[in-house]
Structures are given as C-alpha cells and as structure tokens.
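Paired with chain B in one complex and with chain C in the other, chain A is shared by the two complexes that follow.
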Partner chain A sequence: MEEYGGGNLLSEAMGSGPRVVVVEDCVEAPAAFVLHLLLKRALAGGGAVALLALAQPFSHYDRVLRKMGCNLSLHRKNGRLHFFDLQAFPGGPKGGAISDAFFRLYGDIQRVVDANRIAEHAGQFTVMIDDVSLLEVAAHGSVDDVLDFLHYCVTLTSEMNCSLVVLIHEDIYSSEGVGLLLHLRYIADLVIRAAPLSTGLAIDVHGQVSSFPLLVALANIITRIGVLHL
Partner chain B sequence: MAAAGASGGQTIGRSSFSRVAVSTAASSSTSAGVKLGPNGATFVSSGIPDLDRILGGGFLLGSVVMVMEDSDAPHHLLLLRSFMAQGVVHKQPLLFAGPMKEPRLFLGTLPAPVASSKEDGRQRVMGAGTSSDGRTSDEALRIAWQYKKYFGEDKTSHAEHKDNKQEFSNDFDLRKPLERHLLSSQNIECISTQDGDTLGELQDRCSTFLSKHLRKDGGNLIAGRIAIQSLCAPQCGYFEKDWDMVSFIRSLKAMVRSSNAVAVITFPNAILSSSFCKRWQHLADTLLSIKAIPDEDKDLAKLLTGYQDMVGFLHVHKVAQTNSQVPVILEASTFSLKLRKRRSLVLERLNQAPVDGSAGPSHAASASCSSSSQGSQLDF
Partner chain C sequence: MAEAAVRYLRDGRLEGEHAPALSVSGSLQCCPLAARAMLHVTAALASQAASGKSQARGLVIVAFDRSPEVYLDFMRRRGLDPNTFNRCVRILDCYSDPIGWKQKIQSQQHQESSVEPCSMDKENVTIFRSVKDVDKLMCSIIDLGRGFEGEGKIYFTIAIESISSMLKHASVSSISGLLSNLRSHDQTSSIFWLIHSDLHEPKFSRAFECLSTMVASVEPAVVDSVYEEEIPGNMSFLEKNYSNAKFYVRLKRRNGRVKHLYEELCVEGNDVKFISSPSVSAEVNQNLLPKVGLYISSSI
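Entry: the complex of A and B
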C-alpha cells in the first residue's frame, strides 16, 4: 500500500522527465529507499541502468529490490543492468592516478550508454550514483575531479537521451565544502530531499520527502509534493 | 515421496523422509556465538545482552558499528571491553587496535563472564519489573504509574531461552578480569595506532586478518571481531589526516562487508570537524553514542528515576539494516547505562519520575516523552 503511495508521488515528480535528479538525505533520514524506487522504476519502464555503487555490494541491492518485485540478477544477466562495484574505487596508488581512474570510469560508462543506444529496443538509460559523498572520499577530497566527472555524466544526459540520478548527503556540507552541494542543486532538474520530521520522533512516520522540480527560468518555482509514509 | 516428506514428519508407506524439527538453538552449521536472523542476517553478541535486544539481535556480521565517545568519560570502553570479551569467550578471532604503546595490556582489563547463579536467573525472569534490590513483595502495593516497566519486552522468553541466551551472549562481571589462558590464544592480534604516520599498516593488518581467519570452511561459520579504539585520537600517528581516515573507514567497510566479521570503532567525535564527523556517521551501519552523566545534577535527579545508579546515556542513532530497507523501529532511542550490583552493565529505558504536584506548571510543561530529549544534558 505504501509502495503505491510512494510510487504515485514519485511518478508525479518524475513525470516531466527530469534529466538530472539529485536526492539529498542526512544521517537521521537516509534516502537510499528513494534510489531503490527509482531503480525499480527505471528497469520496469523497459530501460537500462548503470549503477555506480560505492556504498553497498551487489547482494544488498539484489535482496532489497527482490522484495520490491524486481530481479536485479536477471536484469544484470540480460544486460539491462550494468553494475559497477566501486567499493574499492579507485584502488591502486594515489596521486595523479585519481583523475585517470575517473577518466577510465567515465569511459566505461560511455561505452555502456553507447551500446545501449545502438541496441534494438533502446529504452531510457539511467546512470545512478550511490553516492557522491563517497565519490569525494574516493577522490581523496579532490572536489574538482568529482565535479569534472559529474559534468561528463551530465553531458551524457543531453547528448545520449539518458538521465542521471545522484545521491548526496547534504548534512556533510552544512558547515564547509558546500560548493559541491550547491553545484549539484544548480544543475539538477529535480531535487528530492529526505528529512526527519521537525516535530521529532514518531512511531511509523520516519521522515518526510519533499521534491523540488526546478524550472530553468528567472523565478524558481518550488513545489512541495507531500509527505511520504514508509 | 516428496509429498510425504512435506507433510511434516508423517511417514506414509515406505517413505523415509521426515521433517527435521527446527530447534530454537543455533543450528549445526553455525558455531557458538553466532545467531541467524531474517533476510540472511547473522548476528554476534555485543557482550551486553540488553544492547543485543535493543538492536534486534546483536551486531550484524558484515557491518561496521561506530560509537561516538564522550570526551569527559571513558564509558565507551565499557562497550568495547564487553564486545572484545564476548569474542574471546566464544573463541572468535579478534583484532584490537588502540592508541597506546602496548595494546596487549588493554586485554588485561577485559571482564570475565558472570558465573550464572540462581539469583541471576531469577533477576532475568523478573525483567525490568523489579527494583535493583530484588524486592518483589512490594509489587502489589506499588502504584503502577510506570506501567511500561511491567509490560516488559521479552518476559515470556526468558525462562525457556535462558540456556540459548547464555550460549549466544554473556553477562560480564566488570570487577573480575578475564582468565589469562583465554587471552593467550593464537587468534588475538593487537596493533598500536600510535606508531607510524599512516593508516596503511592498519589497513593491511585488517585485510590479512579478515582473509586469514574468516573463510567459511566446511559449513562452520567463524565470526571475527575487529575492535578499534579512538580512531581519530590525537595521539595517533596519522592524526589530522582527515581524508586518509575516511578512506580507511570506507575500505574497512568494504572488506568487512564481504567477510564474516564485525568492526566496532569508537571515536571522540568532538575532535573531528563537523563535516568529517557527518561523513563518519554516514559510513556507519550502526551508530551509537555515549554520554556521561554529571555526578550531582539535581534537575536530572528530579526528572528521572534511578538516577543514582546511572553511569551514562546510550543513544542509538542508526541500526544496521543490510539487505533490507525496512528500518529497525526502536521504541526508544536513548537508554541509561547502569551498573547492576556494581558489576554488570544494563541498559534501561528512561523513566520519568512522578511530577511533583507542588512544583507547578513549569514541570508539567517540561515533562516530555521518554524518547525525546529532556534537557540540555540529553541533547545528542
């Protein structure tokens, strides 16, 4: 039941076909579930997904999505899901190699997107990154490398009909290093934010999710979609 | 044949199939100290039975537990010691890293398990319903304004599962040190984080520890434990290398995920910048924090019962939920740390003292649910 409610709200938000979706969360209200919903939605719609997983191994996503009625192992075998296990990314010696590693990673993604475009029943392609804060750790704090990489991914959205979904932990940037977060918000078409309830704890409502579709216009119109119950 | 087997123990005709009764104790494919849970989860005990219950079974294998220390008091060491002692008692491989010259000496402070006696058994069965003196005769006369205590969470299960519980988790006597011969075992390693100015060595040691001890051999599940004390303490050689530390935690998490081990890391969060503190918190699968109680706080004494026995507060921020997106729902997230009979650690929910009628409207206004913060001392 809750699934339906969540699905409807998310469908509304995603209905306008946003190219770049930024999902924000914090320690008190993690938003991994939004990624799971979007992943399921992307695969269910007949499209393909490239999942850059820095936070969890494949088995975790597999188990979670299986409970939601989506078989990731099957999709992976059929080539609809391209899973990049980046738990140990970039690996190897540090130094100038970081930008090389990002470059190679981008090359892999681009190859996969290309292959999908040429394929027969080419549906919508989604690149999903879980999460950008870990990408920053992998880059050893080099925000420039991370931003370059993200910009390359954003060019994919305009040139190759694919969308980008990114998870970022916004509470990390509340005191310093806020540049990355602001940059992401700027390039986003849709921002989905999970936050704890302002009133504190409650038994079965864990938090609230608001979504902000940003129109590229002089006046930004922020629409509050509603409260998502888990 | 198959149908006969599926009918649950009935042998019809010449079928030799019969359903094996599922025992509540740990099944034969797991060793002592490991418990199976839903969603393919396996738990090991934290060494504090109350904490196991609060976290929904114990520490999840493959997860990273982080404990935020209070710079005023060393109560996080109570958690760490119980965790390590539990592993030693169950003969599980243990790796300990601490910011001291001789980390081996820390092993000498591990507590011994309580010799189970009838009195303890009785205490367990009563649950939280009795006062610390164990006086039960006054129960009937008490005004049940603290009814939550009497409804209890696991009251029925205690008697039957006491033996199983002993196998999985032990109560530790903090006054008695662990026997020497248990500590001289082969699979306890110690590293000092004071030497060297990089985390590279620690990372390598963790990596070899995990690959050496924790292969699933012959169906026997060996669970390993990694205990790291005060990871970002100033005396560590790598202090102030913020990105190095976060990278280490990230790679440790990846290594632990693919092995049958639990890593418990304590850190003084006040030392880190708030941005990095948040990064560490996000990396944790289970996040706890310990807060000390000021000794003679009259306001707190009025607000909470049993204040005199309390040693500190434990706050549960996050509970590991690998392989599932259903969060563990806690009834309360702040608990009081108490030393029962000055030797074993218990965690209890906070109970408000009855509001003094003569105090007037100010007390009533400030009284709030036990699960929300009750004042500046309890703000986490």
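Entry: the complex of A and C
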C-alpha cells in the first residue's frame, strides 16, 4: 500500500471532490488512520484544516503525522492547522445548555473558515471531526443538538468551498433504532468504511476499506469499490 | 408514472375540495434517487406554472435539505430561464440558517460579515430562521404564495423537502397540522413532500401517507439479502441501486378507487428518466363504500 500516499482508492474517492465525507469504523478495524491520511492530504494540497479533537490531544496527532512526514506543529504555527481541543467539551458555565456550547463552537469554526477564505492564496478548507460518537456523548446523548451543529458545518461546504470529514464508530449503534449513524449516511457524499477481513486476521493485512460514493449534489454518480490493504 | 403524478398536481384542486397531496418516500438504499425524483417533479411543476398550463401561478419550495442554489442550477439545466424562474418560483430557505445561528453571530460581531448565504442576493429566496415555530413557517409559506402575480384568484403549489428534516425540529402532530392546514388553504393548488422512510418509525411515515392523496415510493432496483461486507468486491447491486430504482405510485381517485402505477427510474447524466412498464402496472378496484346486504323474508 502507498502508506503515505493515501492509497489509490482513497485518492480516487477524494478526487471527485466530495463535500461531506463520513468515515465509519468498528473496534475490530479502527479507521483513525484514514483521518490521518486525509489530514496529511489536506495540508499537503495547500489547504487549511480545522481539526475538532475529542479523542486525542494534539501531541498524539503531532506524533503520528510526524511519522508520516507531516509537521503539524509547523502548520499550526503558520495558521494552516486550527486545532480545537474538545476533550473537555462542552465545558463552559455549569448548567449551560448544550445547544449554546455547540453554537459557540460553530461560531469559532465559522470565524477561522471565514478568515481563511479572505486570506491570500487560500486553498480548500477542511473541517475534520474526531469523532462524532464522542461528540454525541459530550452532548449527553442529545442527537438533535449534534445534528443541528453538523447541519451548520454542512452549510459551510456549500457556501465557503469547504469540506467536512467526520469519523463515527458504526458498531456502537443498534441496527434497530434510528440514530446519528443513519442521519450521517444520508448527508454524506462519500462513505468510507473500515472493516475486518471476512477471512479473519492475516500477517500483513489488517483489514479492508471500501468507499461508497453517494450523490454529490447533481454531479454524475460514480461507483467504485476497492480494497485498501494495510 | 411520474408524468401522471405531475399532471395530477398540475390540475390542482376542485372548488370545495382540499388540495391534492403527493408524498414521495425513499430509503437510504436509493436515497439519491428519491431526492432526484422530487427534483424532477419540482422542476416539471415549475415549468407548467411558467407556461400557464397549471392551475397554480407559481411554486413555493420549502427547502430544508439543500441550498437554494441546487434548485436554481437544476431548473436552469432543465431550460427554465432565470426571469421565468424568478417569476414563478419562490424558495423559503430553511437550509442556510434554520435556527438563526448565523444571524446571531453576525449581530454579535457588529459588522458586515462576509459569511452571507448566497441566497441573500436572490430576489426569490427568503431565508427562514425559526424552523421550530411551525405556525410562523406556515405564515411564511402562505405569504410567499400570495406574492405571485396574476389576475383573479392566485393559486400556488407547495413543495417541501423534506418532512424528515422538519421532524428534527418539530413534532409529528404539529407538522401533520401544518400539512392539513396548507391542504385546506383556499389558495393552495397542490402540495407534495419528500420523506425518508427509514429515518422514522413506520407509524409516522404512514401518518404522513394518510395525509396524502397520492403516494410515490422509490425502492431499490436490486435487493440483496446478504449484507455487503460478507461478499467483498461483489457490489454490483449497490452500483445498480445508485443508478436505478423502482417508482411505485398509488393514486386515490375521487370515486374511491386506488390506482397502482409502476415505472423504472434511472439516472442519465444530471437528470433522471422514468421508463414505463405497462405489463406491470395494474388498476386495483377498491370500493371504499360499505357493502349493504338487503334480505327480504316472508312469513307467509
């Protein structure tokens, strides 16, 4: 596999310019590596990124991306990476509404997106959320508040030449109820799913990733499925 | 039969009756196609209104799922010129700022923000920022509809995309009330909406079907009972379902009979095409009047 190049399938899928990308994974096949690849790809392409991190501190991403040849500290210093440490989200005054916390967070994101848009030589802006399942936990299970926040992030993709990449753990959601997962699949232009191999573990292959490009606005529908070996 | 559905909505209401209502439903397996079917009907009705062939003088689109630009682009590709579009279509933009966050940010910043939804520059697009207030939503829809020009009584058609997005902000009962009130409003010619059936409990989807006089279901062309991960690489059914679907229509006639129609729906470039299948379509006689038996016996 082109470990640092993102793999043919990933590059191909992202090449069609999807606005909203949903990355799904499970315990047996975590897909954090997909976020790392997309993060590196976004910064290498001259764009800027707002990374909303609920899962890990900055030092973790810095360490991982450094091994992939990408200096996150430098990008952060140059204003191309905007790191939102949300491990303590929602924070704020006790008793404050969750919706108010999401509103403040969206305001911060809109400000950095706007600042990037009016900057010289502004490239593509990517908002990345790691991960939406933790966002739901931070919102005390309020799916409506999470969906409102995500909707506003999606509106940025149509108004501000922005893309949205979110990671969600599909195996924590029941197949019977309607939850965040199903709503995300509806709004996604591209779904990237990591899953274990049906044949079980292998020495040099840890899992498989498939991509399901969905409708991208009114563009032609592209369907390609492939396997990305680790 | 997509054209039958369009004609049904185009012809509008009779005096003393409620406006005809079409419910378009789809699921995740073929959701892009259900959305495209909705766009097709929307564009067709806009054209009919523009050419004066419909009872309605104009179309009010209540847009929750997409930016108004999507409708503008689609209708432009369908050949509707911008002047005609501005004359015959009004968009109530519930997508750009549904709960007023952007307006709040702008007022907090006390300055002209460069983050303006593109719809603010369009004369026929009105941003709506209180989607939780269903009464206010209804008033805004009616106000837009009354704004169409013409002589005599002005009728208008209403398109809602989608009910599923509305249900994130308001209750089933309030939205049902909204749809009923819109249907009974004396200037509503017809109304149609999109609903994603798998986002709700079946009873809610059926409740909205009961409010309609025509139901169009977009269903996957190929149904594979094996979950796709078990057959890696064999995704042909997925590919098929993203470009083809089945379009079932149930139309309740005034005489109580229910007509069943079927077409195949397929994607062609940026558009969607409906292909009739006459051998499959059937008419079902359902007499809704109770049958009364009369027995006469004689004791002689």
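FYI, the second predicted complex is superposed on the first by the 207 of 230 C-alpha atoms of A that agree within 3 Å, B and C clash if a C-alpha of one lies under 4 Å from a C-alpha of the other, contacts with A are read in each partner's own complex, and residues count from 1 in each chain.
One rule holds for everything that comes next: a contact is a pair of C-beta atoms (placed from the backbone, for glycine too) under 8 Å apart; a residue touches a chain by one contact, two chains touch by 3 or more.
This structure is a prediction, so every number in the text was calculated from the model and none was measured.
A.B. asks: Please work out whether A:Leu147 is in contact with chain B alone, chain C alone, both, or neither, and reply first, second, both or neither.
C.D. replies: Touch status of A:Leu147: second partner only.
A.B. asks: So, A:Ser16: does it touch chain B (first), chain C (second), both, or neither?
C.D. replies: In the superposition, A:Ser16 touches no partner, neither chain B nor chain C.
A.B. asks: Once the shared chain is lined up, is A:Glu159 touching chain B (first), chain C (second), both, or neither of them?
C.D. replies: second
A.B. asks: Kindly classify A:Ser59 by the partners it touches after superposition: chain B alone (first), chain C alone (second), both, or neither?
C.D. replies: First partner only, chain B.
A.B. asks: Which of the two partners, first being chain B and second being chain C, lies in contact with A:Asp114: first, second, both, or neither?
C.D. replies: Only chain C is touched by A:Asp114; chain B is not.
A.B. asks: So in the superposed three-chain picture, is A:Leu182 touching just chain B, just chain C, both, or none of them (first/second/both/neither)?
C.D. replies: A:Leu182: touches chain C, not chain B.
A.B. asks: Touching chain B in one complex and chain C in the other: list those residues of chain A.
C.D. replies: Shared contact residues on chain A (touching chain B in one complex, chain C in the other): none at all.
A.B. asks: Which of the residues in chain A end up touching chain C in this complex?
C.D. replies: By the definition above, chain A touches chain C via 103, 106-107, 110, 113-114, 117-118, 144, 147-148, 151-152, 155, 158-160, 178, 182-183, 185-186, 195, 197-198, 208, 210, 212, 214-215, 217-221, 223, 225, 227.
A.B. asks: Under the definition above, what is the set of chain C residues touching chain A in their complex?
C.D. replies: 28, 31-32, 35-36, 67, 69-70, 73-74, 77, 95-99, 101-102, 104-105, 108, 113-115, 117-118, 168-169, 196, 198-201, 229-230, 232-233, 235, 238-239, 242-243, 267, 269-270
A.B. asks: So in the complex, the part of chain B that touches chain A is made up of which residues?
C.D. replies: Chain B residues touching chain A: 39-40, 242-243, 246-247, 250-251, 253-254, 257-258, 273-275, 278-279, 281-282, 287, 317-318, 322-325, 327, 329, 333, 371-372.
A.B. asks: Can you tell me which positions in chain A touch chain B when the two form their complex?
C.D. replies: 26-28, 30, 32-33, 36, 56-57, 59-60, 63-64, 67, 87-88, 133-134, 137-138, 140-141, 169, 171-177, 200-201, 203-204, 206, 230
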